[in-house]
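We call the chains A, B, C and D, going by the order they appear; numbering starts again at 1 in every chain.
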Amino acid sequence: MPLNPDQLAARVAQDIEPGSFVNLGIGQPTKVADHLPAEIGVVLHTANGMLGMGPAAVGDEVDPELTNAGKVPVTELPGAAYFHHADSFAMMRGGHLDVCVLGAFQVSASGDLANWDTGAPGSIPAVGGAMDLAIGAKRVYVMMTLFAKNGSPKLVPTCTYPLTGVGCVSRVYTDHAVFEITPDGVRVLESFDTSVEELRARLEVPLVVDVR
Amino acid sequence: MSKAQIFASPDEAVSVVKDGDTVLVGGFGFAGMPFDLIDALIRQGAGDLTIVSNNAGNGDVGLAALLKAGQVRKVLCSFPRQVDSYVFDDLYRRGEIELEVVPQGNLAERMRAAGAGIGAFYCPTGVGTPLAEGKETRTIDGRDYVLEYPIKGDVALISAHTADTMGNLVYRKTARNFGPVMATAATTTVVQVSSIVDAGQIDPEVVVTPSIYVDRVVQVEPRHYTVQGAR
Amino acid sequence: MPLNPDQLAARVAQDIEPGSFVNLGIGQPTKVADHLPAEIGVVLHTANGMLGMGPAAVGDEVDPELTNAGKVPVTELPGAAYFHHADSFAMMRGGHLDVCVLGAFQVSASGDLANWDTGAPGSIPAVGGAMDLAIGAKRVYVMMTLFAKNGSPKLVPTCTYPLTGVGCVSRVYTDHAVFEITPDGVRVLESFDTSVEELRARLEVPLVVDVR
Amino acid sequence: MSKAQIFASPDEAVSVVKDGDTVLVGGFGFAGMPFDLIDALIRQGAGDLTIVSNNAGNGDVGLAALLKAGQVRKVLCSFPRQVDSYVFDDLYRRGEIELEVVPQGNLAERMRAAGAGIGAFYCPTGVGTPLAEGKETRTIDGRDYVLEYPIKGDVALISAHTADTMGNLVYRKTARNFGPVMATAATTTVVQVSSIVDAGQIDPEVVVTPSIYVDRVVQVEPRHYTVQGAR
């Protein structure tokens, strides 16, 4: 069985080192937070001006002036800090975040990321902070299904969708396998429900596998 | 020049906006959106506006209402498309509004540059993407950058938590967002606040926007809308 | 009698409008503050990170962590704000200060300012924030003696000392007269102890005088 | 990466400085100067250093003592010449130290650029002066600018008032000066503080330097020197 989104979020969380400063973008990647135990001291950054973001707010905790980058109400942990947008993006773009986790439409074999615009006629482009995170974090982890709904691979030789960033992705966490983008090619770090041979058959991207 | 003027109503506070102005509008979604100033701007009626804001309106209120009133010619923002951005979406699809999508960090940094006297800056965001097309690029120390220019406003409309009578501001939680940087980037900064205190009542160590950036202040009743829909 | 430094400071202070945001540099110009009555609400900026600076600190008021740009202990007024150096200079360079008052070695007829380095052999150059103030404030007022100790004019056709800024000076307040730098030339706004004819005789700079 | 480490002594805190490093040293004159860290650096002995600081030392203490110890190859600063900068003056006149004079605003903005990922920026300061000689210039919207590049540090040594156990910092009065911007511009930021409190004890609204910028913290006894001599 391929990993479900929650299992995938847990898998990403495993690779986040204690004490890291991490941005989880918006949407699906924010689920990674549910799998980061408090004791490992990961500090979450949200682009709209906060370090030390806590879990989603529930009930009386909801405060319209305390949301994450996806505009979902959240909470504040001890040791948090607020700052304005220019300071927040200086933090992101200056290379201070250890990891960001983003969704994607496509990732290329060389680590190009496409996650902001399908380029479809009539679509309204909206980039938010994705391009800033893509070039800013020390490591960019992508979390996505390996195949689109129509079965086409999302890990591709070259992105066909408009790019978010060039050569910026470090790792790709998918429901079928985890890939590392390296100068030598796309390395399969782990597969869940499939063999490397099956992956090779379904992807047009050459795969490197370590001999263990 | 001169200390902040304190106005009795949002309508007086926004009287400075003129047809054709570039107006920086604070807020990230609803958090920090200056609802009362926007409503007053709708009543005031200035048109042909260019709006710079992170989003292009949510639901039927705030910035969305201003768009609906037909006062806006162009929007510069990072994230127009949201689950409840139907007012903008409709105008955009009908070709009745211009859109310039700007990466969120560039939006903030370009306004900061305007406020800080920077003529232009080389920025790593967007290199190799459609948003850098036609822009000057340069490789510095082996890394590629795009040249970005300041965004200056005629007026900034922002929301803060407390002002003192000098115009010093403090904000609350993530409602701070674009307010401080917009205040530096506009010729005239208009601020709605929940309370106004005497000079000396805000600790000088915790002031976020110093008084020099604030021209007009009006106190309003706190008003929050339900946060609906992620993104 | 030419104005003494204190009288000159008072003369500069007269031209500072109520409610202005003003930077008084270091040294002599800081005396202008003594002639700004509290009720006109001028707000003083000091480059080292403060708006709302009060008078020099005396006795128990002295706090080594509260000084002006000349490193002289000062006080804090109600409505003050502290900020870091990048924010302070953004404020200066972004054109937000209404007036700055600076000393000078020379000012040229076109408003060039030389006030940081005599260029003398063996001198150690030190610029501080002078170049930032020169290009940043809406109006740059210079306060200086009109003649150097050797009698040579300091208001000159062209500066011979290394420049601080080009075409940046609005007005020159001297012990003998006040000058406005305009596109049409150097206008004498007021003379204290001398006639315009005498000034013309001693300066190599053409002077414009309004017919009143 | 990871939260601030809290050290028991300045000597352990500065162990990270290596020969040849660029070290950003906070303070404006004595206000905000990290005396204990500098003294520890003198004991530690790293040499061939490039120091970036507003001044080049006052009297015989702090930065002046580091210069006197012969550990500094070059100083980037805005204002070396002061009434009590005799240690620097002597080294400079003997040709034993290099000097790069940088306008104070450029010093701050170039470090900010390093921390913010900006590759270079067009700046109005210094146009037409000797400090812009040899630098690229450009006219933008009718105004002249000089292209300035980031200043990045290997280590920043700064002083703050209070840290929490995460590394969040608040400062005190004009001792804040270069501390916050240097903290963003160095690979490793080392901070001496007067007190360390638990995480949660500093209001998140008033944090000046967020924990992400702080690597090493040491608590020291407050130590002030008489402010002597203007400039």
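Points worth noting:
Everything below uses one rule, namely that a residue touches a chain if its C-beta (ideal position, glycine included) is under 8 Å from a C-beta of that chain, and two chains touch if they have at least 3 such contacts.
Protein identities per chain, from UniProt: B, D = 3-oxoacid CoA-transferase subunit A.
Computed from a predicted model, the values in this text were never measured in an experiment.
Ranked by distance of CA centroids from chain A, the top chain is C. Chain A and chain B have centres, each the mean of its CA atoms, that are 28 Å apart. Mean C-alpha position of chain A lies 54 Å from that of chain C.
Our note on geometry: chain B versus chain C, Cα centroid distance of 35 Å, whole angstroms. Shared contact sites, meaning residues of chain C that touch two or more other chains, fall at 50, 76, 82-83, 89-90, 93, 135-136. Touching of two or more other chains is recorded for residues 109, 112, 116-118, 123-124, 171-173, 205 of chain D. Taken as a contact graph, with one node per protein chain and an edge wherever two chains touch, the assembly fits none of the named shapes, being neither a line, a ring, a star nor a complete graph.
A complete list of chain pairs in contact reads A-B, A-D, B-C, B-D, C-D. The touching residues of chain B, counted against chain A in their complex, run 28-32, 54, 78-82, 88-89, 92-93, 99, 101-109, 111-112, 123-131, 144, 171-181, 208, 224-227, 229-231.
Residues 17-21, 41, 43, 45, 50-52, 76, 78-83, 89-91, 93-98, 135-136, 138 of chain C are the ones that touch chain B when the two sit in their complex.
Interface residues of chain B facing chain D in the complex, by the touch rule stated above, are 109, 113, 116-124, 138, 140-141, 143, 145, 149, 170-173, 203, 205-206.
Taken in their complex, chain D has these residues touching chain A: 1-3, 112, 114-118, 164-166, 168, 184, 198-200, 202, 204-205, 207, 210-213.
For chain A in complex with chain B, the touching residues are 26-27, 46-50, 62-67, 70-73, 76, 82-86, 88-90, 92-93, 112, 117, 122-132, 135-136, 162-166.
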